[in-house]
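Two complexes come next, and they have one chain in common, chain A, joined by chain B in the first and chain C in the second.
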Partner chain A sequence: MRLRYPILWLLLGLFVAASVIVSMPGAGYARQDRDATLAPASASHPAGTDALGRDRLVRVAAAFLLSLAGSVIASALTTVAAAGVGTLAAFGRASMGWSSMVVCDVFLALPWMFLLMMVRSALPLTASPARSATITFLVLAALGWPASARAVYHGALQLKSSDWMLYARAAGLDRAGIVRHVIPSLFHLLVPQFLITIPAFVMAEANLGALGLGVGEPLPSWGGMLFELNNSPMLMQTRWVYFPVALLVVVLLLLEGVAVEA
Partner chain B sequence: MLSARRILIVFSALLPIGPATIGAAQAAPRQPGELAWTIGYDPKTFDPAKVDDEESETVRYLTAGVLLRFNRLSQKVEPELAQAWSISPDRKTITFSLRPGLEFSDGSSLTARDVAWSLRRVLSPVTAAPVAEEFVSPAGVTVDAPNDKTVIVHLPQPVIAIEKVFDEIAIEPAGRPSEGRVTSGPFVVADYRRSLYVRLHRNPHFAEKDSSGNPFPYATGVRLDILENTEQEIRLLQRGDYDLIDSLPPDYFELLRKRAPALVRDLGPSLNTEQMWFNQAPSSPLPAWEREWFQSRAFRVAVSQAIHRSDLARIAYLGHATPAYSFISPANTVWYNRSLATPRTGLEAAKTGLAAAGFRLQGTVLTDAAGHPVKFSLLTNTGNAAREKMATLIQQDLAALGMQVTVVTLDFPALIERLMHTQDYEACLLGIENVDPEPNAMMNIWLSSSPNHQWNPSEKSPATPWEAEIDRLMNLQAASAMDSERKQAIDRVQQIVADQQPFIYLVYPNALVAVSPKLLGVQPAVLEPRLTWNIEQLRIQGAR
Partner chain C sequence: MNDDALLRVHLSAGYSTRATLSRIHFELQQGEVLGLVGSSGAGKSTLVLSLLGLLPWRGGRVTGEVLLGGRNLLELSEKQLRSIRGREIALIPQSPMTALNASISLRRHFEEAWNAHEKRGRAALEERVRGLMAESQLPSDPEFLRRRPREISVGQAQRVLIALALLHRPALIIADEPTSALDPVTQSQIVTLLRSLNRTHGMTLLYISHDLISVIQLCDRVAVLHQGAIVENLPVGQLGEARHPASLALLNALPVSPETLLRFRDNAVADALPQTLDYLHR
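Right after this comes the complex of A and B.
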């Protein structure tokens, strides 16, 4: 990756701007200005306030950071799991390869929305918003690895039958040595998988939040803010209610752009 | 409303209404002199004896002739088909005298025989009429018709406010139940197209007349369009296609107010309440120290004192709610306790009360005497925007006391499972929809032995002296024949509830309606049906 790509610079710029906004003195994503609910844009609230008088800009910035951090960590976990399962399946016994792919298929066939609902309802009621956010992203990671594992498996199988691998095995390279050489050779697969999964997780969290299953109040999330769009009288009161969805589209385009560039 | 005397915990999830679902409104052109408004779904039945849903009840109200009518504005019972009635001193016998010259909509005579047949049909277990249970022991009720004009009802035991039950019983031709096609009320069912509309025509033989001798009803008919889209409904009201909206959510009320302020009316507090409560049930799986907090009067009062009810009304209901301190709304003119003394509100009072009860603020965290941090979850149902907002506002109000509140929204089945079965919850925020001002209808909530005694359901014996006193007072008012004694008992229950705060009442949502200026004769009432309770007097300007 080269930082000279404008997309990456834009994304980094957004990240820095969001970090500055949430760390400014007096900026609290849960702070309610009860005398300024659904206020229009002003010097004190540049993107107005929501129905509870909370600064929309601060909440959008916090949601962006939370979503990005959660999605990057979940995507990293997914990629590590996919690399492990795909490599073991390709270089292990044939039965292991076959059974691993069956497990992948089963995971891909799971009704993940219902699974997430079950997990959410099984959480203790006193689970803090931060904990519920962590669990949401962990569940996304747990459900997101099989597609990547399939891609890694097929890449690893090609490596296994490549000429250099045959030479290496003929020369007596042990299993640990093989893995040491194979993993770097799979980077060209793992990095795009990692980058592609990030916007997918951002979107998944937004969808969950819009269904009321994501991050709990007062922690802001894309989905929670998209939920506001369900109220048509509010749509007619302020156009700033579209701000979160507009930024979400921009962020998703940038993340997709980064993945394509990579 | 399922029944005019029942109290319902609001089970409706109030799903958000999307702007894109445009139904088949205005399926039929309006006929001259016809009134038009909407109902949310198809009535489940047109048989007035089997009504068990709100829209069927709307049709029944418009078509049924009843012996007595409960006036929604004056909140008093008035004669309709009966010109007079009397109740015996032992309150077990009710005698009705019918008006002279009564006829059904097909021109046939209406006599005491028809009345007795209609009452017996409702009381019969074969009919399975929901209203029958309001006689308490319907199997023991007998009905006699000694002559054409007199009907006598014998009850096995006195029933509180028995007169109002007759507001829900339609008098039909003996042996000819017609599902609203032949009635003794202002309208008859003329046409029904599933998912499109119900059309009612004027009953030309309706008994009532105005002071000048003109026959009621004034309107030639009513068309009830089946439409569940508030946005489209208000657009069509603005266009003049509809004449009224009987109930509006606050956000749509505000939207319409901005577009056409002359159309909307805020009638003030409704009978409904929104409240939160803590789980005090000894059988709940909560840690002992949490149960101890929730059973502590000081804890509950401090929570109540710290909640800014005016903010809840202003923000969650856009100003269309009234801060609440009692289970009876000021709209209930007969039973509301106007001299109710409530605990002093404010953060300092709450902190003082908590400190006296052994709670300590350590930094920003409140702890109990044993050092447990005070944190709990507050449940409410998913999809009710006003409740979700109230819960988040309360979360911040209680954070000022050092309490850490987690707001949890659950779908209704999951919520009910926790409230009614597992009792695995700490605090809950819900509403109660009161469709009847009669406090006796709330027995199932206040008696400690009731499964709906939410903070501690189905107690074998009252857990506290004040719950025992509520039991005693509620039973006293149920058995008393004297209105003054009943009022005194209900006033005292309201005071006990205000002192002990087993339910922390938050707001009374206001009754919000919209009326076309062309609709004449409207006298809005808080009780439902708010705009059409005097349907026979309503008419479109210039239509007659």
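Right after this comes the complex of A and C.
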């Protein structure tokens, strides 16, 4: 609880810094400085450049913003889907409950790295970078809901059999009244799901990108920059190639901190 | 047996695997307080749910009849039952903290319970709640109603539940072990409150408890529930005539005789004090 505000402030600080860096005049995540490829830190490139001479700091900042926005939206979508499935399964007929949980189990058992690879390779290779980013996060949202739906289902089942629910019925509340009674408690159930899914999606996108299946170039992404680490000669040239990984770890820690402290 | 009984119960109930209540039979007259005593597992909570038509929600079934003013509640539709619950029969539940929804304010509890049966709007509710707060000896300031259940004491929560039960001036109140979660001082305050509500409003009360002392303090008649059947049903003054082993076990567990407890009932404390002093000085 005590760390909640420092963590939020740090995240907000990173967000503002990244926004400033990206919107500085002359900053472009795709702009190439052909005189300085794989350059170490300098005045014009504070974190050096990559193999194509693109400013690393600008790219990391843009990747941070893109991945955060994508993950937040995908997490919101997945949480809404999970809320729908979980509550319907809990408050509907018993058969609906177990059948939707079977579907969730099947989804959870799917080898989803392969599924992602299949989906991604089904896309035309010429998909525009923006489209590939949209698709990547939509696929994450489409595959991410079952775990949350399970958690919501079990939480909602507890609500359903709670004393206050029975008492609400004893007081003669109708269906609408009971729904109004339940919504604030469901909210307590959904917020942690939403928050914990964000870092999971940031991580998933980074993994996909590291396999070359995520957000398409020239759009920067965590995964795309981790891809650089495959290239060992480059690792010898400048330590700044580790900068994206280091920042990714920090961001993941902060995001998980938000989820835990909330 | 009186023909104009407010509540006449004749039922058996159970869950899928076992029968919990077998041929329960009792009646409640208008304005009467019936104490239903029994040890844990005797079927008290099942009976409460049966009377309110709520047993199906917990996976049980009921057969027989629950006649409230001539209508058999067990034959009504869920919709008809809903309009009776809270309006004609109200429940004071057992554990005050879990019976209130932790996510919403006390005011919301009153609003939801009010809207369940009342078309009249906010002003009427405000007025009713003001009266109820005074009646249940709760703080009357608006700040109190803005609180969440965890921000009040257990005793206050139980009073809130009593106020909620009184909201629609029901003909019958079922109190399901309303004092079991409370400390002794609060317990006796709640019993006193229920008794004064019965005396001043003629509120009919089915008081369910495992605590015979509070039953003797509060009730006109006592029924003993044992292993799903009513084995004794006596006016409180004739408890000495109880013969069933389960009743005797309960009576034997009392620190003093029921007659002594009865002497301290109502304003009996004030009346009995000189006698007691006499007795001590003798």
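To be clear about the criterion, the second predicted complex is superposed on the first by the 250 of 262 C-alpha atoms of A that agree within 3 Å, B and C clash if a C-alpha of one lies under 4 Å from a C-alpha of the other, contacts with A are read in each partner's own complex, and residues count from 1 in each chain.
We take it that a residue touches a chain if its C-beta (ideal position, glycine included) is under 8 Å from a C-beta of that chain, and two chains touch if they have at least 3 such contacts.
In this text, all values refer to a predicted model and were calculated from it rather than measured experimentally.
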Subject >> Residue contacts with chain A in the superposition, chain B compared against chain C >> reply: B
Original post:
Between chain B (first) and chain C (second), which, if any, makes contact with A:P6: first, second, both or neither?
Top reply: neither
Original post:
Touching A:P46 in the superposition: chain B (first), chain C (second), both, neither?
Top reply: neither
**OP:** Go through the superposed model and pick first if A:G92 touches only chain B, second if only chain C, both, or neither.
**Re:** neither
Original post:
Does chain B (first) or chain C (second) touch A:D174, or do both, or does neither?
Top reply: second
Original post:
Between chain B (first) and chain C (second), which, if any, makes contact with A:R34: first, second, both or neither?
Top reply: first
Original post:
Counting only touches as set out at the top, which of chain B and chain C does A:P218 meet: first, second, both, neither?
Top reply: first
Original post:
If you look only at chain A, which of its residues touch chain B in the complex?
Top reply: 30, 32, 34, 37, 51-53, 121, 125-129, 212, 216-218, 230-236
Original post:
Which residues of chain B touch chain A in the complex?
Top reply: 16-19, 231, 251-252, 254-255, 308, 311, 314-315, 375-377, 379, 382-383, 385, 388-389, 391-393, 395-396, 406-410, 414, 424-426
Original post:
Which residues of chain A touch chain C in the complex?
Top reply: 162-164, 166-174, 177, 180-181, 184-185, 187-188
Original post:
Which part of chain C faces chain A closely enough to touch in the complex?
Top reply: 49, 52, 54, 57-58, 82-87, 90-91, 93-95, 98-104, 112-113, 115-117, 164
